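Next, two complexes with chain A in common: one pairs it with chain B, the other with chain C.
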Partner chain A sequence: MTGDRQAYDAIVIGGGHNGLVAAAYLGRAGKRVLVLEAGGIVGGGALAAELQHKYTLPAVSHLMDGLSASVVKDLKLARHGFAYAASGLPTVALDPDGRHLVLTGNAKDDEAFLSARGQDGAKWTAFARKLENSAAWLSPLLNRPPLVAASSSARGKLMARAVLAEASGERAREAFLSLAAKSVSDWVHEELEAPLLGGLVAFDATLGSTDAPYDAGTAFRLIYRHALKAKSGVAIPRGGIGALAETLVALIEGQRGEVWAEARASRILMDGTTACGVVLDNGIEVSAPLILSGAAPRETLLRLVGARYLEADLADRLSLGKAGGATAKINLALDGMPGFRGLTPEQVGGRIVIAPSLDEVEESALSARAGALPLDPVMEIVMPTCHDDSLAPSGHHIMSILVHQVPYEIEGGWEARREEFVQRAIRAVCRYAPDATDYILAGEVLTPPDLETKYGIRGGDWHQGGLNPFDLLGLRPEPELAGYATPVNGLYLCGAGCHPGGGVTGLPGKFAAETVLEAEARGGRT
Partner chain B sequence: MSGGLPFRRHLRMTPLHAEVAVESRTNDWVERNGFTMAGHLDTPETEVFARYHRATLADISSRRRYRIAGREAMDCLNRLVTSDISKLEEGHFSPVFFCEENGLLVGEGSLARIGDTEFRLFTEEEVLSWLRRNSTGFQVHAEDVSAEGAGLELAGPLAEAALDEAGFEPLRLLLAGHAQTRELMGMPVLVLRHVGDVFEFWPEEDDAVPLWRHLMQAGREAGLQAIGEKTRDLVRIDRGTPRMGTDYLGALSAVSHDHVRTPFEMPGEINVDFDKPVFNGRAALRRMAVKSASHRIVALAVDDARDLTFAVVCKGERQVGVCTSLTFMPETGQHLALATVEAAACSAGGLTVEAEIRRELAVWREKLPVRIRPRPENR
Partner chain C sequence: MVRHDAIVIGAGLNGLTAAAHLARAGLKVLVLDRNGRAGGTAAMRAVEPGFFLPAWSLRGALIDPATYAGLGLAEAGLRVRAVDAGVSWFGPGEWTASFSAGTAQRAEFARHAHEDGDAWRRYRRDMLRLADVVTPALTTAFPQPGEAGLSAFGRRLGFASELAAWPRTDMAAKLDIWTESISTILDRYFTSPLVKAHLAGAALAGATVGPSSPMTAWRLLVPFLQGGADATEGSPRLLLPVGGTDALVTCLAGIVEAAGGELRMEAEVTDVKLRDRQVRGVVLADGEEIAAPVIISDLDFKRTILGLFQWKDIPGDLVEAAGRFRMKGTTAKLNLALDRQPRIEGVPRDCPALAGGLRLMGSLAEQDKAHACWHMNVVPQNPELSVFLPSLVDPALAPPGKHVMSVLVNWVPEAPHDGPWTDEKKNRLTEAVLEKLETAMPGLRETVRAQEMWLPHEIENETGITSGDLDQGEMTLDQMFFNRPTPFGAPGGGYATPLKNFYLCSQSTHPGSLLPARAGANTAAAILASMKRRQGA
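Our next item is the complex of A and B:
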């Protein structure tokens, strides 16, 4: 890191998984790439952190359910050591009365299980099939770059409608359109009765956002998330969630690329209206004819580039966007396995969801909106050490808790309320695993503002923008930016703020890199 | 609440109102930008004769004016407008257009650089919120200074003679396109000179009345006549200059895009500089530039001195346009108009208007031939 200016073929700002994927694709095409990561560890929303040098924690997200098979294949990630420690994990919906539900994703098994407990067996199968069909229709659109409208606003929206119209069969489209504008609660109330199933569906439909189950568009969100799911189902990589980033870093370095940690970009250097390099906050300048940014579009264009290089309308629309993160993270190091009442050890290794009913999810969403802590927080719990004992000392465990519907701005301020929040969350866990507190050795709490300061996730929103129908496809993040290129020559977006959006898919990074390479092959920049 | 409007409107008086009212022989008042302005002060014939052969003085305080200042004012404004104003020197002004992202006009006006980092923008319509939105990311401050000071317009072939009589001889040397602050009668006054012997004076509020009185008194010898908005409008229509809010609508206020125009549809020279790498609407305008505009705003004349009005412009039986400004020119006995007409219909002749002709209480319709006037420069 010496010398004032070093030349690379491309610079990627942000060492999140999408930035790393983009870098690896460019490296594969023979480019010498530099990745700049502001934090100490790469991985973005999917990074590994260490607690007391003994526990490897999933710092932010803790499961992988959508990593694109094409990314794994194109980059030969398996050959570079990437593998799942477990896949196809069951989902366990905890019931306060101990009548927990375990869903494997296999329609027959699930129907039998639910029917045996008198819990919507056939109804669930019908619901799951409808979800599957709608997702199957949307999925192809998410697995290719979006159609891009020539300009913004009205035309862009018409374009999105055109995308919907052209995509595929009449019946699937009808089903999809009838669901798209609905709230997930409408859908659930129409088709399901079991409160636990309603809670689980509502949880999945709103996780990661401030949306409440009664909000229009949440049914679409559920379909969208389902459509991005990979065939491997819910999985945990070997070596923890950070293994993906580590594999990608090794891959990039093998391609003569470099990954710098603790390298925060403070400004994108401009030559006229062309991006030509990056200035770090320690004053170091690096130059390259291509810059890709995995940072949120607003951060990239308003902070790193500056509104002056954009038309005022675009700058205005970007500045209006409000980050909508509402998830907190609690990581615990345990010196033993807590006893979840009524669960087998195998089920404890699954995805455990505490969301007893749709109304409880709604309630916590409403209190989060009002800047209050929910009385009974809803959450997702994963214990990766059930599948990979390399993550903690022998016999010890890690409990990773995603608490949903936690306000970014809280009444009284986070400093004063942090302890109360942790107590409420742990109390909720103890309702199902009463001895959990006995095993806690250490822990860390990441509130939405913590996710921002510690991992650069603006507003704690790891999707980098909403996931409603009009925030997606050729409208994400803005119609004129949906094609990954920006109005600034040589600057591209490659983060979750672009199509197809949030989640650990690697697709925004892949599509951005492919766009760059195609533009080059055409012999010009856009 | 009045007039059934869903909001309260304040009709305000300009600082010159009392002076103007003294000159009124007609009691004809109109509303402009919320101000009570004179329509005609004398007969149309008298005012128009004075404007084209003598000299006239008008209150123009209702124009909107904005002060844009700051270290990056030039950068901010250069992104705002479609022309390249980076070469606009201190003490000069230039006509400007500004567009939104789809290349549709949001506003137009005159931009004067009155200091290294200070500008004045004169417009017909309110554009402050647009200026503010454009200020984001620049070290610049935009404010509406319309309520400060007043405006006077001295015009006509004997305007310079009137200046001499008033003891303002040095202003003769001011060239068209200049905007300079001069000391007149010990008062600081921003003076703009337009082509065609039109001088704008922008004194401070307390200085407006003494300046008006002084000019009126000194100019009597040169036949100086006070005029109102209607005669100023006639001159504008005669020159073929469209007015935002009348001949087309601003993109941010129009409900229908049909009533919004692009710079390519305006008469006269196209004021868009694609050599400038970033400005609002550039991408959209570039796409537009390769196609020909669908509509044009043109100046029309009907050579018929009868008392008539018209709005619809036809080619054969088909409507191809709409007149948006209409006036009668007593000097030539013509009806002059500005109209938005389909571009394809503009090339060959054969345009007609459906006129309503009035004689005392009788009214009847006639199709009258209309011709497109070449844009008269500096008339």
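Our next item is the complex of A and C:
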């Protein structure tokens, strides 16, 4: 069976938020775009799922803190109904003895709060300032297409960027350079004493990766995260995390585009060395002169295209890349609000982190590496129903838990250990909210391998590959692929595997679409 | 009274190298050391009368010809022997080795995995190419990132421009070596787990990281930084002074003395005298004061700043930086005197690589596990060992037919998690080391006529090096290049300090343990350059 050839100007493989953003930018430029999503629902790492048709769950990620303001503005997302149910959420670091820390991100408030509790007030401010300085140096590099573009003006661009970075001043540069290769453990040991702050910082620096806090380069991850942070701070969209994807789908459809769910790409069609269409695993073929893939680079080029179309060297490097993810997801439907000891209702609606100390985060990393379950898992808890009662029946709640440092391959196998894992995670929650188990109606558990099979997130690594300082020079994911274009004519990458990387920023999608449009404009001129 | 142009505190190899270069340039140099024997961490020791070996380090002094160029060591009587770089033994019949002869090396690796023979050729080519890029940055002071002003900006712009000129795949290869893990890079080339464990083990002796730790791959370059370019296409050889560290020390001291300088042992400096943040001289433990316009410290950064000054007299951020500088004990040392040459199970007695030493380490996964245990301060039960027989290279170090064995015990925590070191814990570790040696060298224990074990804190007590850290500061990227020992934010590349005329020359400065004694040579060059500028002005 053959689809209407040339009916589409572009096909986007993968309905993750980056794929949808890319499609929307292309649609805005007048292209008719088809988005192919393998799963039943679009959204990728930021999709919404349903439980018992009554609860709208954040399937994987559950917060937004870096959606690019430029994407929101360019695509007029607000006009299309996208809004935050809550923004600027506080971070709550739970303390086993009930002396919880609540951080708003406002330097003055946080210092006052911490000082009042004798917990590193001034030290935290100094730490936050150093983080701010370093992030200021990094931010202009992240919020633009990769440093070394594929064009002939690369040198000029790099020089311009060097001038830009210079403008941020020697203090920012020095802060960045002295921290870029540091481990977050060393940084914490140097600057902070309060165990809860150390635990929180180590947790944030390593969430979503297999890195342990004592691994070199983890300080960079923290800076990187900070540099991409949006002004709205930690936020939850109205209608749940899936609202972004839903808004984008409506937008794309309004641009005459189409979004197909349950449409898994099995192969990219080639005409000589040019990509010309996609074959779905049900045999349907669709063609278009432009293909963008939001799937991971390795998945796109090795599985969908095939190594024979690539230089052997590139194929080798892609195939060697290790999948790395160490996060599991637990979603619970609750028929009431559990009582978190020592937290106000407003604080329960914040980003709750259980990572009592740096040592505990290190220990869980060590056990995850050895293929063992951590005794006391570290985690991030969000209850989106505190801000949006449309997500669950009245009076009911959703508890979304990201458990960090969970091994992909576990001793004894996941089938045998799943229950034990859930018990440990829930026990950890009950330490702070003892009655939580009384309210559990239903739940869903996604281990790292589940994230791979259910959502196509290889290795459960939703950042599509690790991140290091030199990736900023236009080397992510591989030097040949860094400018979104691939060695295959007509095929571009637009997922989190590309600059500037993971997180719900929309930037890889945006930059990829812009690259496509620029290339076309250049092609049109000559 | 004798007038000195410069005082060097500490007669380690960096201190002596700096002193020799300064003496050759015409300065009257005085070298002071609290110990009875020069050589610092590389110093030698008699485990029993007539049995000499490196006391705390595995091999003692290594020679980097470029560092000593111009000093005329050969004329001063130093003989150097190049040896193949060692054998890794994993079990009976399971061993591999580094040979300097290309055909031998390829055949050896191909013995474990057919394709690894060719892989060696590519690996060596790429490592040498990368070493060529790095070496110029090691043999001079490293520009500081905090430097303001137009000329510093110009330098950075130049660097950016140079970077942009590199083809991207080339750039990736040049940068990967700084960001990737040892395992990742080895996986790109080799198939055999034995070959990978061999190359990783060699790169990790004394390290604070495991083979899978990020940003460690540069360690694989180290052997190629010196002597790697020999035409034989095999593994780079090790250059060892005949007679050990003592022979090198004698030569360097001779150069200093011939130029009118002086070495004083058992002369402990307790204070550096300051006036207006400018150094004036030193005070010895017995109260004697010696004045000099330039003072250079070969003590580690922590001990230098925290131990030689009144904290209130020097800038607070300097004290803070020294406090933060990470030094960690990772190795214990077992020294043995043997009645005969040990036989290694399954390895031919005449295997040339044995001269470079023997490693008893596990697979990459086991090395990672050993690192994790160390990180949690667990004393190893199955210790990873680096072994070297100095008497194989130089029979004069032991009586005829007898041998000395230098054993570096890797991954030994400075402070065990279950409480401080006790005699019992020390004995248990010693026993575990001897047992492991015995598995590879059956009958060895019967031939031991004397032994001594040094734990990290004991090495600190003996040598004065903080935490017994032989690298004198953790060698991780955030403590290398301009970050070693700390970005002073001024020209001088980490050798010149914010205290006027006070310099650092130990391994705590760039390039640390990447090139032996290079920090000393670089410091001397920085001092001479600054004197020239001042004379010119």
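The rule is short, and it goes like this: the second predicted complex is superposed on the first by the 493 of 526 C-alpha atoms of A that agree within 3 Å, B and C clash if a C-alpha of one lies under 4 Å from a C-alpha of the other, contacts with A are read in each partner's own complex, and residues count from 1 in each chain.
Criterion: a contact is a pair of C-beta atoms (placed from the backbone, for glycine too) under 8 Å apart; a residue touches a chain by one contact, two chains touch by 3 or more.
Quantities reported herein were computed from a predicted structural model and do not represent experimental measurements.
Asker: With the two complexes superposed on chain A, say which partner A:Leu475 touches: chain B (first), chain C (second), both, or neither.
Answerer: In the superposition, A:Leu475 contacts chain C only.
Asker: Touching A:Ser178 in the superposition: chain B (first), chain C (second), both, neither?
Answerer: Only chain C is touched by A:Ser178; chain B is not.
Asker: Applying the document's definition of touch, where does A:Thr385 land relative to chain B and chain C: first, second, both, or neither?
Answerer: neither
Asker: Per the overlay, which chain contacts more chain A residues, chain B or chain C?
Answerer: Per-residue touch count on chain A favours C.
Asker: Let me test your reading of the model: by the given contact rule, A:Ser319 touches which partner, first (chain B), second (chain C), both or neither?
Answerer: Once the two structures are laid over each other on A, A:Ser319 reaches chain B alone.
Asker: For A:Thr486 in the superposed arrangement: first (chain B), second (chain C), both or neither?
Answerer: Neither chain B nor chain C is touched by A:Thr486.
Asker: With the two complexes superposed on chain A, say which partner A:Ser287 touches: chain B (first), chain C (second), both, or neither.
Answerer: In the superposition, A:Ser287 touches no partner, neither chain B nor chain C.
Asker: Which chain A residues contact chain B in one complex and chain C in the other?
Answerer: Looking at chain A, the two contact sets intersect at 313, 316, 480.
Asker: Tell me, which parts of chain C touch chain A in their complex?
Answerer: 145-148, 153, 156-157, 160-161, 163-165, 168-169, 171-172, 175-176, 178-179, 184, 187-188, 209, 213-216, 324, 326, 368-369, 372, 375-376, 476-478, 480, 482-483, 487, 489
Asker: Of all residues in chain A, which touch chain C in the complex?
Answerer: Those residues of chain A that touch chain C are 148, 154-155, 158-159, 161-163, 166, 170-171, 173-174, 177-183, 186, 190, 211, 214-217, 219, 313, 316-317, 320, 322, 362-363, 366, 369-370, 466, 468-470, 473-475, 478-480, 482.
Asker: So in the complex, the part of chain B that touches chain A is made up of which residues?
Answerer: Contacts found on chain B: 72, 75-76, 79-80, 100-102, 130, 133-134, 136-138, 277-284, 287.
Asker: Which chain A residues qualify as touching chain B in the complex?
Answerer: 150-153, 272-273, 302, 306-316, 319, 480, 487
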